[in-house]
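You will see two complexes here that share chain A, one where it goes with chain B and one where it goes with chain C.
The block that comes next holds the complex of A and B.
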């Protein structure tokens, strides 16, 4: 007979101890998740641009001054402040700021944290929790550079450009479409992106301003309205206000132009010296040309890293024995700076990635697939990316020919595949 | 609590426990939807709903109002219902003098449902995501207890126990392996911890570093691998005895063995579905994790995903619900396998009466 049958009910094996074990089990599990995080979530805060601060060798008090000025000018992620000079609408920002919550039936606030912050980060520094898993990385708004827009290369996008990107998403990336959000919500989110961008640019200006201070300033920025608003804030915010005026002029393609002829002309330009698209997009248009460049967000990280490695090498070979006390102090300060910068790079940046020229055979155009979008991309290039502007070198009419050729590339007959079937990179090998 | 005392078996405790499981399943699904749509703060006050008594909030405003409000207020009403059903179950277990373990579990369920309600209220009043995480971890724990009560009061466990007893009287009886029981208890623990890890990802704090998030993701993926292996082990160990030709149990103990085999196979099926839903949930929540793969593994993303699409929300919510189903099925499996291995008893008759 097995012990199973001999054990009376309630004995050690089948009775109370079992009950106790359940209680112990539940208690342990309870302890596990309670101990996993009992602290109340701290209020959200903007993260300082530590890479720039360390690069500019700002002292702690200088970092604090920048943070104080920014707090006064822009408030916190939960309570944004708007100065009239920015032209931003506080009501829209309030809809996006703070934690996700409703104050009246059906009105949801905290839209940025609900939809955007997990990738773009609360500060808009592209250091949200999920950022490392994305390729391309999410956009860092702080330098104020945006790729897909209808304005001249160095200008800001219009509000409509931001709304279009939010509405359509960016095909070929992890940026989703927010088409299911209401127009009011998308409009408010576009405003919040501008707010974060202006804040980020102002922060950069403030940090760089220390470098130009006179000795009399004793390392402290003047806290006058003229300096803070006039010299730091306005250069960033005025560009946003002027974006509408710098829209790219789009001449209509001449009537009566034969499409086949236009594509042939576009092809000649694509491979020609004037447009020279083949340099990056490759002879085949598969995006297999020059591919070792970085965009404007990754390039500074690569350069800082290079500088860091060079400085480290220099420190290693420098003999300290014959140094004067002043030189030694300087040497130690340099060592500290190198250590701090490498720590900041580890924590505040992601591994740089090269920018890959677009494979034009896919038929996927990140900035939009309308012919007009392609015209904008070719005319003004892509700000922040190595794609140059054809403006000046190629006439508007010729740009339309290139647009027609680019649009025909996914369906180009190469003698093997059907004309109705897109040629994709995989099938080439 | 004396489990030796004779019991007045009744249909009601089991029936109420089943009602509780059903209500809790809907409640947890609503809770999962609340998190998916970030609707926890759709009603800023608690226990009232926009100033109304929770139970007196206009029905039309709830049913035809904003989707977020429908979810959050519905979650509260279901929570209150679950609380009342738990109270009824507790009373029934005492009235019909259920066994000690059942009564203890009913008491634990009652305490937990009150704690869970307070946590839900605190999450709203303090607007705190940490409490939301704890609230999300307590829910499945309560669900597990409700399932355990329903199983322990059911005939299923009794059948297993009786068959074992009957077969054990045979001279050629071979003591059942404890491997299915061990692995199913391990599976139950892993499935719960996996839900805890998942709750950290679901209630993502946007201010955490990418490095911390990476660890959380790897922990969840590691948990998924452990749950999969344990589910396979449980199923394999349950099925293995059916293929031992000399074993008398093959002929005599068919029903209890089949119960284990079916449950464990169902769990494996759920785990497979769960894996696919997990991949889908990631994509609809945070986009395709292209940075996770090497450059040469990149594929072409032709279309942008649509945030908050009904399909996307269904995938994410189903991932949570299936996770809870795996947990619930593991609880049943652990009880059945534990009974079969002689670890616990699910019937109410003293052994001596049979012997």
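The block that comes next holds the complex of A and C.
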């Protein structure tokens, strides 16, 4: 506190000289610059999956071991490294990695940071600075789960699937089209998404592997090729290489099928017990059926938050007075874990949102609007979302009928507009 | 006339803005650069490293005989009241004739105090006794009726065909978390699911159409797994004798890491990760007797 502030009321009303005011101003200006600092920005780094690390109750040295193994396997956001086993193309990754700049021949580098990182985050954890403002949230690549693809549900998308998403964007979301980029650039970005996804999935495997360790391993993962590559890296990377072979078979709809007839059949299936679309997409097709479910990205956050609350309640009521030293140490460790977890949830996750079944009367289809895209969605369901696969339960011909009905929904005339719809839906018109 | 206090206020605001007010994030652990360099060289070389096998779960092969392990989980303390679940959909089927679906996450038998649905499996074995043909041929059935999975906890072998059935007159979907299996099961029909890898711990199964439906599944390569019955008893047969077997114990409500049931059992060296070790002699029928599970290790 400067004495100036303490001067008695009225006594120095006009005594505050101009020079003094300048001194205060300059001092504060100086403080401002000191507080904002003049260091160079530190190099970009990948952020550990703190949610999983805390969930698995990893110690600091275990967190460090995971970070070290990942640095060895994947390098940094500025200098990516690839092992031959991943099948990734380092040249493509180099085009995307690092800060935005031009290389010696004037070619644009740092594409990921220029176009993707602000939403998907440097790490691909969907925690970029803009992520919190988007609905739906951007995709977190780390679990290795992708929704819109031409492959069987459990499989990864093909390279072409990723390229298509980059080209077209995702209608109805904040994901824009990158059609203005060159083919080479889009191709490179798709490769970089795979790189971040394989890295993220390997990280999850590493963090979960600590629990599986024997007690004599002393909480340290074996640093052998067999373990790190054979058991941690390959399960994540092999599936990307095999994606091409797991394309969904699409039989063509038989010729001579009357469209009106097909739509009627599709409608019967939509409302019937076999395909059961009505349960989530609603009687009206407005997506107002099931509404309190979460997808595979939000659900873990909801669950760990529940565990946090439960643990917090539990340790609150525990009497510490009669505890043995070991029990007390355990109690303190649990308290520390609760504190860390709540900090991690604050800083490393966004508020979970329920997943909304698609309103089929808008005619906006996130995974693409070609009839083929709708066929894929119905056949394999949507991986990561509650939408189940109709494969096996509904014949391919019937899936085509449902596709035709769904495509007719935005244009279906239902008598007086909206008359058969629930009140809440009618208010939207 | 600008007063000094104005200067100070404005400057304080500017300072505050410059400092930012975003949520403070826990710092991410930093890697050990030198160790990473070394590791990279090792990972990049195609020669196999000379260290021990990377497999986290492999056991030394010993002996030829077989034995069995049994016991009973007993809940100590006051068993909580079993709550009815809120059924708000398809009630004409799911709550037919006033039927109530109960929360089955903590089932204690009122007379014997037995704790049901505790899962116990062997972490690693060196050899497996081939099952008789009748067992091998029978498919495991995972059924649902009255909007409930009939097995709250279910186990099968990796590679065994699981008949996922729907005995309800309405459609369900069966969604096994972590497996990407999420399949429509039309009314009265079924589908086959063949697990292709082990689940470290039981995975949750849900039906998204009826969100109160919940069960757990465990898939193991060797099939040495048991689920305690309504009286809390369990039995695993044909375990390889003369080798140190490590068992993992799990319960849905357990507060331990990943649902592991940690108990105070120094005689079995029961760990906090819910594991204990036993060595059987050939033809031994080992009975662990009553294993007490205090209410404190099972959360809400």
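We take it that the second predicted complex is superposed on the first by the 377 of 429 C-alpha atoms of A that agree within 3 Å, B and C clash if a C-alpha of one lies under 4 Å from a C-alpha of the other, contacts with A are read in each partner's own complex, and residues count from 1 in each chain.
Everything that follows uses one rule, which is that contacts are C-beta pairs under 8 Å (C-beta built on N, C-alpha and C of every residue); 3 or more make two chains touch, one makes a residue touch a chain.
Small disclaimer: the values here were computed from a predicted structure and weren't measured.
Of the two partner chains placed by the overlay, only chain B lies in contact with A:99; chain C stays clear of it. In the superposed model, A:250 lies in contact with neither chain B nor chain C. In the superposition on chain A, A:313 makes contact with chain C only, not with chain B.
By the touch criterion defined above, A:160 lies against neither chain B nor chain C after alignment on the C-alpha atoms of chain A.
Within the superposed three-chain model, A:268 lies out of touch with both chain B and chain C [touch as defined at top]. Of the two partner chains, chain B is the only one that A:170 touches; chain C does not reach it. In the superposition on chain A, A:347 makes contact with both chain B and chain C. 4-5, 16, 29, 32, 36, 45, 347 are the residues of chain A that lie in the contact sets of both chain B and chain C, per the superposition on chain A. Put simply, chain C touches chain A in their complex at residues 2-5, 7-8, 11, 14-15, 18-19, 23-26, 28-33, 35-40, 42-45, 48-49, 51-57, 89, 169-171, 173-175, 177, 179-187, 189, 191, 200, 208-209, 211, 246, 255, 257-258, 271, 273, 275, 299-300.
Chain A makes touch with chain B in their complex at residues 1-10, 13-16, 18-19, 22-23, 26, 29-30, 32-34, 36-41, 44-45, 99-103, 105-106, 108, 110, 113-115, 117-119, 121-122, 127-135, 137, 168-181, 347, 350, 359, 362-364, 424-425. Residue ranges on chain B touching chain A, taken from their complex, read 1-4, 38, 40-44, 50, 61, 65-66, 68-69, 100-101, 104-105, 108, 126-131, 133-134, 137-138, 141, 145, 164-165, 168, 173, 175, 192-193, 196, 200, 204-214, 217, 286-293, 298, 300-309, 342-345, 350-352, 354-355. Within the complex formed with chain C, the residues of chain A that make contact are 4-5, 16, 20-21, 24-25, 28-29, 31-32, 35-36, 45-48, 50, 53, 56-57, 60, 63-64, 66-73, 81, 83, 145, 153-154, 208-209, 211-215, 222-231, 273-276, 279-280, 290, 292-293, 296, 299, 310-311, 313-314, 340, 343-344, 346-348, 381, 383, 386-394.
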